[in-house]
Every structure is written in C-alpha cells, then in structure tokens.
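Submitted below is the structure of interest, expressed as structure tokens.
All chains are identified by letter, namely A, B and C, in their written order; residue positions are counted from 1 within each chain.
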C-alpha cells in the first residue's frame, strides 16, 4: 500500500511538471473539446498540490507506522482493524488529491464544484481516522459547515450560469465553461453576477476557512492525522482560493474590480483579525497552526482583492511559499506530537530542541518563515502585498494588515519558541525516524532555498498565474 | 394529466405554481414537525413534487434533458436517500422527539418571514419580457434555501440537520430549474452523485455519533473549544 | 317578499341539516372503527329527548347562564343566514359580510365561555379558558384566510365572494387559494372542536374543551347549545366549501335550480364530512400545549395566503 501510494504520487508529480512545461510553452492547454482547461494558474496549483501530496505520502509512511506501534490506532498492531484503517487512509488520500487536481483542470464551473464537494466527502473520514470522541465532533462540524458552504457555492454557480444565459451557446455544456464565460464576461448580467459573487465568496470562503466561516478549521486540523492536515491546510486551501480566483476574474471583468475588492478586503481583514486573539491565547499546537492558516487565507484574500499586477504577483508568490512553509510546519508538528503524545504547550515545557534537535531546528525555521520574518520567502510576498495596498491608496487596509500581522507574529513567536527553546538538561533524545525526517528535510531545504532563489521556470509559472488573475 | 397536446403556457404556469406552493408548504411543515420519520417522508414528498415540477417544465419547454434531471431526482432523493435514512433510523431505534432551539410558533413566523425575503430577492430576477415558467418557482426556491438554512440552525438532532441541508439542496435544484432550465447534464449528474454520497457519508457519521455519544443531540458536541 | 322566503328557507335548511351532518360524521366514524354507530338520525332523537326533559339550574348561576343558550343559538342562526348555501346570493347581507359572520360566531362563543365561568364550577372555568385560548389563536388565522379570499373577490360580502368564484374553474389552483383553504381547514378543526384539537365524545377532565363549558347545562338549554354547536359546524363547513369550490352554487334560490343547489350542497358536505372523519380517525388528540403549534401553522399558512395574493 505504502509503496503504491508513493509511486502513484511520484507519477502525479511528474505529470504535473509536464503540464507546467506545456503550459509555459503554449499559454493554455485544453483537452476534450474544452472540458479540461489549464492555464498557468491551474498549472501552478496542480504543481503545488502534487508536490505536497508526494512529500506527505512519504511522511505518512513513518507517521502511520509509529501510530500503529504506539497504540493510537487501536491496541493490536497488524490486527484486522488497523489494516482496515490503513486501507481507508491509503485509499481516501489519493481520492482527495485526485479531486483537488480535478478542480484545477475542470473548465466547467459546475464540475469544479462537484470536485470540491468530493474533496469534502473524501476528507471527512480522514478526519475521523482516530475514532475519538473529539474526532467525531470535528468531522461533524467540518461536514455540516462545509456542506452549507458548498451549497451556497452551488447556488452561486447556478446564478452565474443564469448570468450567462443570454450568451450564445449557453444551453450546451460550454455555457458553464470558465473560458467561455471569461471571454464574454462583459456581457454577463450584472445583478446576477453581484449575487453570484457574494454567494461564491461565502461558499468557497467556507472551504478556505475565511472568517466567520472558519470555525471548523481548528477542530479538523487538530483531529486529523498530520499528513492529512498538512494537505488540507495547503493544497485544499489553494484549491478553494483557486475557485474563488476564477469567479473573481469573471466578476471583475463584468462589474469592475471595486465591487469584489470591497468584499474580499472585508473578509480577508476579518480573517486576519479573528485569528489574532485566538493565536495569542492559544494552548494547543495544531490549533495554533490552524489559526495561522486562517490568517494566511485572509492575507491571500486581501491580495486577491487588491489585484493589479503587484497584488496578483504577491498572491501567487504567497500561495507558493505558504504551501511549502505550512506543510513543513505541520509535518514537524506531527513529529513533536508523536514524541510528546500531546499538543499542549504546557506539557511540552520547551523540550523540543532537546529531544529532537533536527525537528526543533526545522520547526523553528518554518515558524519564522510563516510569521513573515526575513529572509524567508513569505516576508517578500507579504511585503509585495503591502506595497500593493499602499500603492492603490488602501491605507486602512495596509495599516490593519500590519497591525494584525504583528499580533500573529507575537503570538506564534512566543508560543512556539516557548515550546522549542528550553534549558538544556538530560532528556533522552528521540529515536531516529528515517521516513519522517527525510520528508521534513526535503521540505526544509526547499523552504530555505526558495527564500533566496526561485527557479526560473517556477517563477515564470507564478508570473503567468499572476497575469491570469490581473487580466493581462 | 398532460396526455393531450395542450401546450397552453398558462396552464403549465398554473401547475408549476401549484406544485411550488405545495413544496413550500412541505418545507414549512418541516419546521413544525417533531417526528424524525415524518421529516424523512416530508423530504421524500418534497423531492417528488420537485421532480414533477421539472417534468412539467420539460414538457412545456421541449427540453428533454430536464426529464433526466427529474428522473435522477426521483431515483436519488425520493427513493434512495429516504430508504437510507429510514434504515438508519431503524438501526438507531430513534423514537425521541426533537425539540427545536426556538419554539415552534416563533419558528413558523420566522419561516413565513423568510418566505417573504425569498420573494423579494426573486423579484429582482423577474423579467416580464422573457416568457417562461418559473418566476414563482424561483421565489419558492430561494425560500426553501433560506428556511432550510434556518432549520439547520434551529435543530438539535444530527439527522434532522442533515435533512435540512438536503432540503436546502432541493431549493438549489429548483432555482436551477426555474432560472436556467437546469444545468448541463454532466453537472447535474455530478451534483446528484455528490448528494447521494454525502447522504451516505453523513449517515455513517451520524451512526457513529449516536454510538459514541448515546444521542444524536449535537449540542453535546462541545469539547473542542478555542 | 322573495327575500323573506329565501331567509325562511335557508333558516329551515340550517335547522334541519345541522343535526344530520353531526349524525353522518358520527356514524361514518363508527363505521370506520368497525362499529355500527348510532345511526344518522340519532342527533334528532337526542334533541327531541332533551327538549322533553326537565332542567336543573345551579343556584350560583346568574342571568348569563339562562341567556347564553339563546344568544348562542340565535347568533349562530343569524350567521348562518349570511352564508351562501344553495344560492350564491346569501339571504341576509349584514354590514361587513364575512366579518359579521365571524363576529357573530365570536359573540356566541363569548357568551358560552361566560356561562362556563358563571356557575363557579372548576370544569366550566377550565373549559372556558381553554376555549378562549384556542379561539384567540384560531381567529387571526381565519381572518387572514378570509381576507385573502375577500381580496380576490374585491369585497367582504359573501355573495360577492361566492359569486366571483363561480366560473373561474382553475382559480382554486392558485397558491393563495390553496393556502387559504388549508388555513381555513385547520381553523375549522379547531373551531368545531374536532380531533386533533378537542374530542367531542369525551367527558374526561384532561381532554374536554367544549364539553367542559356546557357541562352544567341540561334539558332544553342543553338541546339549544348542542343544536347551536352543530349549526356552527355546518356554517363553517359551508363557508369553507362555497368560498373555494362553488360548483353547483345557483345564482338565486328560485326555480328548479334550488333543488339542484341543495343536491350539490349535500354532496359537497358529505365529501367534507368524509375528510373530517378520516382526519379524526387517523390522528390522536393533541396535547393542549401542542394546539398552539397547529394553530401557528394555520396562521403561517394564512399569512402566506394573504401575502401571495400580492406576490404571485
């Protein structure tokens, strides 16, 4: 099972790279009479998803083996129940990733929605993996809030379809095709698009974890197995933002950028603002990471709202960097959890660096990256977004951004350093974990590297995606 | 019912309006309902009328692909999902009544108010110059959506929350039918498949919640905070 | 002159038909429960027996106790004269039309409730308070439904309401009409004291409403009160039928049409009685604090009906 998984994800990564190359060469790629459509934006999202999935699958080998030994998955290692659990994990995770990839290549907005719903359904049982009372609660919240959110998104899709019903050929399958709608965006019905955008923002924003629809995130991320949480917080977030971006492009071409901007800035700042107190008063590691994800979802939404060349570039860069940094954070948090068997800061008493030096260093680095400390890459993308804000005259947005960002910075720094850096004594060093540490090191290397040098093709892809968003 | 080639749009509009009204009444009945099994049957009846509305619109507008949507509705929402949930209810031996969070008479008044809101929103979509059925249906659809949402917040038992979510989706289906005569077939297929799988997944989840918590009362799910 | 004949004719029809309807409902219910039932003419025999018997009046009763049966009887009859039963042209047209009907019935109920309190017994008070609670919730629903129909007809006069309904065969398919019909049907159950609101066959303390109010009556007064109750039931049923399905309603009382009109009326009443019997047999009586919920449904339906005349 494990080998098949890793091999499968390896193949997917290769396909993703091939797609990216093709898109870089040809601009856009489309198959099956326009059913599948990929431009730089899709290619970037697919690439990021595939990369994260591969790393997480190598990580999960070691992670799940440890779980089997430690009894988290039931008392009898290699018993039938555990095998069934493992099978479930190794079949749902590819399903989840496949749905996410489908989201990015589906041209038809309705099919895109169906794939997003499929990701929710696939991940529900992943959240209940450990079968604890709290896992059920988290899965239930996730299912219900996600279900309502996606219903709103479906409604928005229906209204968007209606907005395009006066276009030629709208009765056929292509009437909901994004490429068709984007071309004729100026002729879409304006009132309908207004309503549609609000519904889409509420709907896909729920999946992205924007406030006030964010309440499922801390629960789901702290209860799911760590590789799943890593995928959810990076790849799925990217896909939800991808859907939002597609609709944003339609709306801004139809109604002009001001209308969506107000809404996006509102929700983005709200998300950032709501995470501040929860980060400052947090006691649980993975919930802290969840609120940090909510914060970054807010940042990316703000970037989308600001749009323009600077904003779009900042958005795409941030998406890329955040994916790498956040997955590193989650995977190292997984290491910490499996060693200390708890998520609470108070119980860890600053022992991470002593007990697990490698993980401690990586965790510290990733933490600095996520809170936007130079010279890590997220600093550059956040700076770009701030510049876009001040350049466009959105002073209040910029000021609030800095304010909230400082709050998050403080909170995360205090909590995580308290957890990682503690006085040296003779705590036993944790055993070696080849699979987990290996995956972690790869990501850490990527994180450090990308702070200084983005490979040219990747940067071209990011630029291309930014151009798609800003409409040039 | 419509065996003669009677293509009077007026009659079709009347029939659609009538069935839309029935659907709305069923949704409001769900707000006042107490027994879980009746909830399931109301949902089945509502989906059936929706399928009839879709079939009527298909007939009067010569749009055969909507028949498929109607057929899917019957297959999935009238037959499969209710059977699934009734089996779940049998297995869990639920006989308890459901106490909503806001008491019934006030909930009913709120539901009436939400219907009004649905009408007001639907007004902005109404184009008199475009002939076609479904202005009333759109208002009912938006009301279904809003009342379903309210029901989800108002209910304490997990199964009724899921049923409210499904009626919300019913409202969406009706909106799609009345606005754009349904969405492209492949989208409809995808949506129905999702509904079916969602029902199964949520059913399993509910069963496990019931086993773990000895109750379907979701207000007991309060351990995760902060 | 013609008017007077019409009034007298409708009066006789009301007096004669009301106990028959009660008898039919009881017998049908019995048959549905695989009993034989008392026969459809039993209410007549009951009334005749009661008129022959002596009366016992409590010492603590005042003039209200003796006046109430007469008030109830005559107000209900007066209300019945205003309903189009056989002809669309109602014999009596008091100011306010259907509102006058509702208030006349309300007057009767008021006096009955007072008489229940009058004797000072606890059952009477219990019945009166329950009855007023239910009517406080049922009347708004009824008003809303009636207003819906009246708006459709352009007047609250019952003649106009019935008249406007004739000839528009598909009108009852309109949602406003349907909602109004549903609301009025629920109110009918509440006002006539049928299951699931009240059990007309019981004398158990926990379950009585109407029966509790009239517990102290005996002899001719009891006959008057019971007759008035069955006339009220007939009036409400006819109101329900003829406002929504005026098929067979003749333009005037005279001519051959009158017999045809009576025939149609009997047929429709039979149909409605069957529906009531089914409803009573299939449902259990609601606990008292659940009755407001049912009436709230009626209220919501009534308001929906009223609002949809403007929106649909």
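Going forward, a residue touches a chain if its C-beta (ideal position, glycine included) is under 8 Å from a C-beta of that chain, and two chains touch if they have at least 3 such contacts.
Please read all numbers here as calculations on a predicted model, not as lab measurements.
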item	value
Subunit C and subunit B - chains in contact with each	none
Identity of the chain that, by mean CA position, is farthest from subunit C	A
Chain centroid nearest the full-protein CA centroid	B
Rounded Å distance, subunit B centre to subunit C centre (Cα mean)	36
Inter-chain centre distance, subunit A versus subunit B - centres from mean C-alpha coordinates, in Å	32
Centroid spacing, where centroids are CA-atom means, of subunit A and subunit C in whole angstrom	66
Footprint of subunit A on subunit B - complex, ascending	121, 124-125, 145, 149, 152, 158, 161-162, 165, 168-169, 172, 175-176, 179-180, 183-187, 190-191, 193-194, 197-198, 201-202, 205, 208-209, 212-213, 218, 221-224, 226
Complex contact set, residues of subunit A against subunit B	108, 110-111, 113-114, 117-118, 121, 124-125, 128, 131, 133-134, 136-141, 143-144, 147-148, 151, 154-155, 157-159, 161-162, 165, 170, 172-173, 175-176, 191-192, 195, 218-219, 222-223, 278, 281-284, 287
Subunit C partner contacts - residues on subunit B that touch it in the complex	11, 14-15, 17-18, 20-22, 24-25, 28-29, 32, 104-105, 108-109, 111-112, 115-116, 119, 136, 139
Residues of subunit C defined as touching subunit B within the complex	170, 173-175, 178-179, 182, 292-293, 296-297, 299-301, 303-304, 307-308, 311-312
